[in-house]
Every structure is written in structure tokens, then in C-alpha cells.
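In what follows, chain A forms one complex with chain B and a second complex with chain C.
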Partner chain A sequence: MSRPKIKISLSDEKLAYSPGDVLVGQYVIDNLGDDKVVAVESSVIWMTQGKGEEDIGVQFFDRQKGPFDVRQLQQPRKFSTVLPCSPFSYDGMMIRVRWAVRVRVFFEVELQCTEELYFRLGNVSSILGDLSG
Partner chain B sequence: MRLWSSWLLSSQKALSRSKRGWWAGVTIAMLASILILIGVIWLVASVTLAMVYSTGQSSYMTVPFFILQLLLSVAMIGIGTYLVMISMWKVSASVERRGALITQANEFDLLKDLRGLREQMPTVPTNLVSPTRGMVLGYRLHASRRNLWGLVGAAAVFVIFVGLGAVLVIVALNNKFNLKLDDYSAAALAIPFLIAAVWSFGYFVRQLLKLTSIGPTLLEISDYPVIPGKEYQIQLSQSGRLRIQLLDVTLVCYEEATFNQGTNIRTERKSVYSNRLFRRRGINVDSTSSFQTQFGLQVPDGAMHSFISDSNRVQWKIEIYGQAKGFPRVRRSFELIVLPHDLGPEISNQARRRESM
Partner chain C sequence: MQRIDENPFATRFTRPGYRFVEPDDTSGVESLAVRFLRDGQCGQIVGPHGCGKTSLVYAMTRSLQTAFREIQFLVIRRQGWLGFRSEKIAGLHGSGDSDLLVVDGVETLSPIQRWCLVGSCRYRNCGLLLTSHQELLGVPILKKLMPSFSHFEQIVEHLTRSEHATVQSSSVREAYDRNDGNYREGLMFLYDEFQQQLLATTG
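Let's turn to the complex of A and B:
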């Protein structure tokens, strides 16, 4: 099975946003081969990483059910959402908060393929220790 | 018993009127602790003796005598607990707060204004203890209750160990007098429980002193919630203790992560930012008026806002350390809600509207 390519892009090509900004993007799924796609999910999420268990919050979610035509999937699929006021992207000592656009493609056999594009929300300094001088 | 409790209450009342109000509080708390201790030992001893003699042939423990002892010991525990709670309440809450809670007249929920914001910021913990209206500055912050729970836990451990220790001592003594063969083993078993009971009593007293050695600390802030980069005034009011060796106020940010380790769930906390706001040595507090001072507070521009999710947390606190001669170091913490510094146009307008009110 050839590995499908999922390309996510944001319309304004910037990777840092402020609360209330509208995030507009699109994704294209290519190189599918003969595998049948049964569903495609796109989401805008925040997640925590680091020492603690991973928490996740969903700001936007869309699921499209197949069957899909290959050409249909090669066409750009757009999404948009208004970004919330929190949580801000944060790189702490034990906790990291990251925002991402995630696209997940489900195939007829028990396989799935995921692609993520990270972006930042807010303008928080990376480590608070820097701030204390 | 009634005479004893009325004497305690009257002495508390009389002392609270005098300049030695703080000593009255500590003395009452200590006496109450001893009362609970005696009550627990008496209760355990009565029950154990009743059980021992119920199987024996002695008529030492009659039913009315047993009930009388039971009632007296429970009364001692009850009165002691009540007095500890009263002392705690007097020390931990200001006169104004007590009055406000009694009359329900000064109820003030600042966070009602933030309901709209809460929906837009679900990961900002806006459900903390609400501040109340301040006397000098806009809002009065309230200390976390963690220390109080420490005291309750210490009291529970203390009661358990004293109970077990007392039972084993009685069994050992009973065996000794009846020349049973296993008296020494029972006595040996009682020793660690007695040591644990003494230690837990000491721990309980230390926790009690931590809460009572330095009087109530009142903290007020000029505006609330806190936005990074903005300057705030803090009013600190400390009363209750004649001489405080050291008073230290620090703004701290903690990261807290909860994770699985084997079959256990662990929580780890790390301080990621610390900034001293105020520090003074040798403060003499006049018993008729509290020590008061004002200083500035600023959460750094670009700092992370308060954040909470299932397993992760970013927490901002004002921590106050106090040290009085001959007493354990006291730490009191006041959690702050820090909002995202870049709220966006819609939220900024809401905040501005609230500020202009």
C-alpha cells in the first residue's frame, strides 16, 4: 500500500494567531492508490504535551463520510473557525500546550493516516524563567 | 463538664477583649486539643474496659457507669472540637468577613461578571473562590483551604493512633494484672502505636500552631482578575501577633502535571516563576491595630495565563511566609486568576466595560 499524502495549508500562510482571529485553511489528499477512503476528519485542536497525561480540546471538528472519488479527494477541502481566547500556546518546563490542524483519513481496511500542522495561538514567552531575569 | 466548657468559653471571651487576644486564641486551641485527647483516650478506655469485663466475672463496669463514661468522653470530644473550630474561625477569618457571612449582607460574586468570559475561556479556571469586596482596594482575595485540610488530616491520624495505642495499652495492662502469658508481646505491640500517637499529637499541634501562631492575613488587590503586563496595587494587612520576625510575600507560578506511574497516579508541581513582592523583618504588630502596607504587583507581560485541564495546570499564587519566634514557619497562599494578556477585541471590550463600571 502506498502512503497517501495529506497536505494542510493555512490561507494566510502565517503560523501565529491571536484570539478571535479566523483560521482559514485547506487540505488535499493525494497518492491514494487503490485504497478506498471511507471517511475524512478534519479538526482544529489544542493538546498538552510533557510530563502529565495528554489532554486535548477540540475547537473545530468535521467528519465527511465516503465513498469518495479519488479526484474528489484531490480537490482542496476548506475549513475555517474562529480561534478562542484560550489556551495560549505555551512551552513550559513540564507542560507544553500546542495548537494544531489535524486531518485523519480512514481507509476501508483497518488503516488510517494522520497529518498535523502546528500553529501558535497568542504570544506567550517560551519559558517564564526568562521573564524573571 | 458544663462548668468546664463555660469556664473555657468565658475565659476565651474575657481574653479576646484584652490585649492578649492572640494568646487567648492559642491557649483555647491548645486546651481544646488536650480536651479532645483526654476524651478520645477516655472513650477508647471505657469501651475497651467494658469489652474486657463483659467476658470476665468482675462487676466493676456496670451499665449506667459505662453509659455515663461514654457520654462524658463524647461530650469532651465534642466540646474540644467545637472550641478548635471556633478558634480556627476566629484566627482564619477577619472580623469583617465573619460579619459578612453571618448577615449575608455583603455577598459579592465578582465572577458573575465573568460568565461570558468563562464560556470563551474554558481552560482558564474561573471557578476559584470568589473574591469579596475590599475595604481599602477593590477586591479582597481569600487564602486557600489547604492548611485547614492538613489540620483535619493530622487530627484524624492523631485520633486513630491514640485510639489504637490506648486499646493496646489497656489490653497489655489487663493481661499483666491477670498474669496472662502474652502480656509482654501486647505491651511491645503497644509501643510503636504510642510513639506514633505522640508523634501525631505533636504534628497536630504543629499544624494548629501554623494556623494560629500568626493572626489573619488580609490581602486586597486593586483590580481582578489579573491581566499580564498590567500593574496592580496590593494591600497587605497582618494582625494577631505582637512580633513577627519575617514577613515575605512572593508572586509564584506553578506548573502541575498529573501522570500515571505504574499503578499509581502521581502529581508533580514545579515553580516556574518567582518574584518577591515584599519582605520585611522584625514587624511589631500593635494588638489594637494591624500591620498594613501596600506594594505593587505585575504579572510579566507575555506570561502564560492560568490554565487547567484534566491532567495539567498552570497556577498563579501570591504566597506569604511568616515567621514568629518559637513557632513553625507559616505559609499562606492566595490563588490568582490570570487572564490571557491578548484578549482580542471582543473580550477586551468586555473587560473595559467592566473596568468602567
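Let's turn to the complex of A and C:
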């Protein structure tokens, strides 16, 4: 099976946002081969990553069920959501908080394909600066 | 050059069920699953802390999915007799014919609880797959896992290859030796080391 290509892009091409900003973007799915796509999911999520239990929160979710025409999937699909006040992106030693746009393509056979585009929300260092001083 | 932005030792890549790297000496997950089905659908994986028992069991259940109607996982943490209720021993309410109950950490149960667990599954004709630090009498041993440095190296190589990261071989040795062959702790040691580098490079 050929590996599908999922290309996610954000309309303003920046990768750092503030709470309340509107995140607008689109994705294109290409190189699908003969496998039948049964569903396509797009989401805007935050997740924790680190050495302990990991958590996930969903800010935006959209699932479109097939069957799809290949050409239909190659057309850009748009999404938009208003970003919340928290959690801010954070890179720590024990834990990271990351925001991402995630697109998942589900096939008739069990395989699924996922692509993530990370972006940042807020600026933790500015808050820490305010607190310390 | 591709920028490394992921720690390959984070839980998302090392948690049981994400990926199982077979040691060179295993006869293969598939053949273990076949043996389990052939030998009365009852068996145990034995080995010390953090040597990959749970990861192996998760890998096996992927191969066993078609043979059972439902697979239920029961992870046992340390708890007293009162904390472990009889319906849990019975393999949760829904278990019965054509089901498989996977019990992780069975050594924390008392001998009576273990006996009830095995007996209940036999009575219900429910498959039983266990992980344990010590051998449990009356349950066939499917695999005894023993940690080895070469297997730990294989796991590290696998994780770093898929995340396009590199780690010094001296760090891998130190991670293994410092943690007495406990893979889980060894990977956490490497997580810390890698994360320091990551934070230093990303500022």
C-alpha cells in the first residue's frame, strides 16, 4: 500500500498564537493509491508529552465519513477554530504541553494514517517574567 | 538537516502497546500466540520489573484478536484483599465463553486470589493471559523474559531510528547498568538526558 501524503497548512503561516486568536488552516490528502478511505478526521488538540501519564484535550473536531472520491480528497479542506485561554504551550524537563492540528485518514482495512502540525499557544516565559518581577 | 523536536523516550513512544521490539532469542510473537491457543488458552509471561512483559502481552493480543470475541485488560496495582473485589477476579462481569482476560501484575494478588482467578476463568471457559514476576503454579509458562543489554540496545536503536534522533552508546550503557537491567527505568534515564539536550537546543 502506498503511504498517503497529508499536508496541513495554516493560512497565516505563523506557528505562534495568542488566546482568542482564530486558527484557520487547510489540509490536502494525496497519494492515496487504491485503498478505500472510510473517514477523515481533523482536530485541533493540546497534549502533554513527557515521562509520565500523558493527557490530551480537544478544542476542535470534525469527522467526515466516506465513501470519498480520490479527487474530492485532493481538494483543500478548510478548518477554523477560536483558540482558548489555556493551556499555554510549555517545554519543561518533565513535561511538555503541545498544541497541534491533527489529521487522520481511516482506511477500510485497519491501517490509518496521521499527520500533525505543531503550533504554539501563548507565551509562558512572559507570565513567568511578570510573576518574578 | 531535520530538526529533532521529539524526545524518542517520551511515554507516547515507550508505553506498552505502542511497539514491541522482539529480543533475538524469542521465537516470535505470532508463534507465542499460536502456542497460547494450542495449550488451552491459558498462559503466563514471567520476568522481572520493566523487562517488557506488558509490551509483549499487548503485542500478543494483536495476534489473538481474531480468536476471541472480546479481550479485557486488568492491570493490578498493589491493593489489599478488600480492594480487589470478587467480580474483578471473575474477569469482570461480561467475561465468558470466547473471551480473553489479560491480567497484568498477577504477583500482587494473594495465593487465594490467584487460585480464584484461574479457577473462575476455567469455569467460564474464558482465556487467561497473565504477566508475573514469579512463576504461578498450574499456569503454563509461555515465555520467561530476561533483560539483556543487547536487547535494550535494540529497543533504543528502534526508538531513536524512528524519531531520527541519536544517543551516545555510553549513555545507553549507563542507562542499563544504573537501573540493573530495568528497561523502563533505563528509558526514563535516557528521556532525562535527551530532554536536557532538547531544551538546550530549542532555548
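The rule is simple: the second predicted complex is superposed on the first by the 125 of 133 C-alpha atoms of A that agree within 3 Å, B and C clash if a C-alpha of one lies under 4 Å from a C-alpha of the other, contacts with A are read in each partner's own complex, and residues count from 1 in each chain.
Just so it is clear, a contact is a pair of C-beta atoms (placed from the backbone, for glycine too) under 8 Å apart; a residue touches a chain by one contact, two chains touch by 3 or more.
All of these numbers come straight from a predicted model, not from anything done at the bench.
Q: Is A:118 touching the first partner chain B, the second partner chain C, both, or neither of them?
A: Touch status of A:118: second partner only.
Q: Which partner chains sit in contact with A:51 here, chain B, chain C, both or neither? Use first/second/both/neither.
A: Both partners.
Q: Touch check for A:60: first (chain B), second (chain C), both, or neither?
A: Touch status of A:60: no partner.
Q: Quick check for you: in the superposed arrangement, does A:107 touch first (chain B), second (chain C), both or neither?
A: neither
Q: Does chain C touch more residues of chain A than chain B does, or is it the other way round?
A: Chain A has more residues touched by B than by the other partner.
Q: Under the contact definition given at the top, report the residues of chain A touching chain B in one complex and chain C in the other.
A: Touching chain B in the first complex and chain C in the second, residues 50-54, 93 of chain A appear in both lists.
Q: Contact residues on chain C for chain A in the complex?
A: Listed in rising order, the residues are 5-7, 9-12, 188, 191-192, 195-196, 198-199, 202.
Q: Okay, in this complex, where on chain B does chain A touch?
A: Residues 117, 120-124, 253, 255-260, 268, 270, 272-275, 300, 302-305, 307, 309-314, 340-347.
Q: Please output the residues of chain A touching chain C within their complex, sorted ascending.
A: 49-54, 91, 93, 118
Q: What residues on chain A touch chain B, complex-wise?
A: The contact residues of chain A facing chain B are 18-21, 46, 48, 50-55, 57, 84-88, 90, 92-95, 97, 122-125, 127-129, 131-132.
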